[in-house]
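After this come two complexes, each holding subunit A, first together with subunit B and then together with subunit C.
The block that comes next holds the complex of A and B.
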């Protein structure tokens, strides 16, 4: 091979990159076309999106299931918020055992799949026969979901407390505020403003985790979205209700995640 | 302590703190003792309920369950990282026709519970006439959900690299791909590592959902062992064992993450590479990035 042929043949790096990119585009288009062409659309529609079943699902208990999901989540969130704040304060406490208890709690529940906690609660009658949770079945679900939420929210709130500038407390203390008052009136309000977006993220996670009610025995009227969708899919021998349930979750989670994005955006602007 | 939330204790406060500490520790010990006592009274520690663990076949069952969990985790982790990388690139793309579909996919799969995704893959594929194995229903669900979350993490990490870095790279004539692979990614990966690994821990824990669609992983095997009538239905003992294994696996994974993070950071310091520190990024939501490595390097 002579030098002249190689110089005419060789592409500039830009040209090479361009050709590679066109090859990638072509591959993408071909793959997409193949997927669309090969898929059996009528069968997919019949399996997942039967119009009559969508209607039946919407009129047949979708909203009560949605309401159950919301109330399970809300109770667990309140519990997680209160207990999470306490655990976060314990983690930062100068009292050694408080710190150890809080760390052990957080590590334990963050290392455990949430579904295991739910199974444990469904077995609670074995070692504690006759134990009656208040507000069944809410009590069990709130407690199971709330215990897990506490561990995650404690870490979030702790980081939020630590993100409050040190000068704030120092200023409050030098004005003569007792430590407790300073943390209640100065630190915590600011910390909660900082953790508002991540806490909303926790709420979204909690909404999705409420689907684990699946492994707890609850009565038909207390089915959450997932359990309701699965039960209806079973009785209709069609998955459409489950797809409807999936989209119903979007009704809750999408507005929340838009809210998070807006809050983060305004926080960035403020900086 | 990083926060002056509490007073620096004087001699009396120290005494009081010690008293509170002891009381709290005693209360916790009493609580644990009560639970153990209840377990004991209801016969959870009887020999027959634990006898199964002595059998070689049962040990093998549990081991197979553990391996199945790790298999789903491994496949799910690799595919989710891949999925996340592709869709993060899509979301960062300059072209709307890449960005818009990526946005929709990521938002959609982050917003639906993993359990529903697994159901749809497992039972949906059956309804369409070709049943995929439970393993792949689990792996696909894990990939779509965690991949979407990872895509967000990657995107945030790349956006957190100081703007001057990419501006400088463009100024010396690098192309888009080069800027990304040579300048942005190496710095971003280091700062993203903690978030990536905590998502891996989530992925590992989520494999437990596979038990609902009868994927024979650790929890599923545990439930089977726990339902044996001949051994007094030892559900509580088995749950204790399974929970311990999960916590140990997660602890191991986070320990590995800390080790890796430290190593990468130290390695970077030695070479004088600036390390972008993302200060409590996922928590405050506000990314505070700044190079720290230069000052530390000699």
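The block that comes next holds the complex of A and C.
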């Protein structure tokens, strides 16, 4: 009795923390073992991971859907990048009306659920029957997704521009560069380097938001991952295609988030 | 009058309620080196930044090379191409190599071909002794090297006038010499220079004229030997005493302004000992 009390009393804070951690690990292992033991694996496989359906999904349009998701996202991202840069520059302009327009735009589109914008685009033919978007269905998706992305990216890019030291503009202007040239050659390249990680994060969000195309209604060959997975899951009365679609999303987003972490890491090292 | 590169008349500048420049008159003749000295906050940087209109003056005229920069119809970008500026913090473009730092403005605004700009940039990098660093990025260079690149960058635009704002203040002591030697060489080649500096030895040796500023006004100006050697104004003497003999300052002297509101014996300021300079 006396010996145990003396040993516990003699434990250093580090040793005590270590014991606590071991206890937590043990608990986790027990919980995992219980879950594995109690779970009805055949039922789970049948509901989520039916091999025949995985094969059918992979051969039956997975890659087309993956390609559509990438196309929708890429177009919207490019649009958001270009328009976002313009809106960011307007937001920082000395010209009042530019600033007001940019602020109004940003606040408007950041405040709306993206799905509302998609619904608006799906219904636009009612008030304007003759209206025809170019490159359908890409045109509608790019525009709807891009309008929202522009607002978010404008704010990110604005922060990047403001993070470039004032001395950079002064040096550029004192060499005789007009404001536009100084922005293009000196400020923006540095700003984009700063916002590369947050912009990549926005790209990841955009990949997921591209699933909203189901709202505007596209033809079978233009189904994105979510719409395709859902349609197939419906017709097969099984969740396996959705799981496949989910993994396909991870195929895009995981490398991107690894990239972000790398960039943030190397930026930390550079300082 | 016509050979004045810089001709400033009645220059005033305020930041909000702070009247920073109070009626400055200043001329700099072709080939002259003018050093501006004075206490912190006296408006030296602001004066220099008014010469290329990085700060917009409130009143007064700033003529550079005979062109009135304060004229609303003046093409300020064109005027700035002939006014080189060197900053305390170097302000090199970190995303460009040393060579690109020196060519970017030549190509984009002076409309030179890339090959001509490169040739001129290399010439100027040789002048500052950095021909072997052309492909490095600024972050790889020491402070002294960065400041020399900044000088080469300004020189690459063929300026008629060079402005220096405390070019050695951000440098480690052992790196000050290399920058000053480049500036000395530039002066000997006949470059017109307006230099804000705390390097009194440089001012004494290189300057044609020294200007002492305090509280937004030019208090005293003249040949370096006069202003630095036998200043006539009490404020100049006090400043030089503080700068040249910082180890001989008594606590009364620097506590003076803080102790002043409390009244008492500390009110005997300004406590200037004219012999303090030559003990």
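The rule is simple: the second predicted complex is superposed on the first by the 232 of 271 C-alpha atoms of A that agree within 3 Å, B and C clash if a C-alpha of one lies under 4 Å from a C-alpha of the other, contacts with A are read in each partner's own complex, and residues count from 1 in each chain.
Please note the rule applied: contacts are C-beta pairs under 8 Å (C-beta built on N, C-alpha and C of every residue); 3 or more make two chains touch, one makes a residue touch a chain.
In this text, all values refer to a predicted model and were calculated from it rather than measured experimentally.
Partners subunit B and subunit C, brought together by superposition on subunit A, fit side by side with no clash.
In the superposed model, A:130 makes contact with neither subunit B nor subunit C.
When the two complexes are overlaid on their common chain A, residue A:42 makes contact with neither subunit B nor subunit C. Shared-chain residue A:170: touches subunit B and subunit C both.
When the two complexes are overlaid on their common chain A, residue A:217 makes contact with neither subunit B nor subunit C.
In the superposition on chain A, A:51 makes contact with neither subunit B nor subunit C.
In the superposition on chain A, contact of A:181 is made with subunit C only, not with subunit B. In the superposed pair of complexes, A:113 makes contact with subunit B only, with no contact to subunit C.
Residue contacts after overlaying the shared chain place A:190 against subunit C, while subunit B stays out of touching range. Shortest separation of subunit B and subunit C in the overlay equals 6 Å (C-alpha atoms, whole Å).
Across the superposed pair, subunit B and subunit C both touch subunit A at residues 170, 173. By the touch rule above, subunit A contacts subunit B in their complex via residues 13-14, 17, 40, 43-44, 47-48, 89, 92-98, 101, 107-108, 110-116, 119-120, 123, 126-129, 155-156, 159-164, 166, 169-170, 173, 179, 183, 187, 194-195, 197-198, 204, 208-209, 211-212, 214-215, 226, 229-230, 233, 238-239, 242-243, 245-246, 249-250, 253-254, 257, 260, 263-264, 267-268, 271. Remark: subunit C residues 52, 54, 77-81, 83-85, 87, 89, 91-95, 104-105, 108-110, 139, 150, 153-154, 157 touch subunit A in the complex. Across the interface of their complex, subunit A is touched by residues 1-7, 9, 17, 20-22, 24-25, 28, 35, 38-39, 41-42, 44, 107-108, 110-117, 119-120, 123-124, 127-129, 175, 177, 201, 205-206, 208-209, 211-212, 219, 223, 235-236, 239, 242-243, 246-251, 280, 282-286 of subunit B. Across the complex, subunit A meets subunit C through its residues 165, 167-168, 170-178, 181, 185-186, 189-190, 193, 270.
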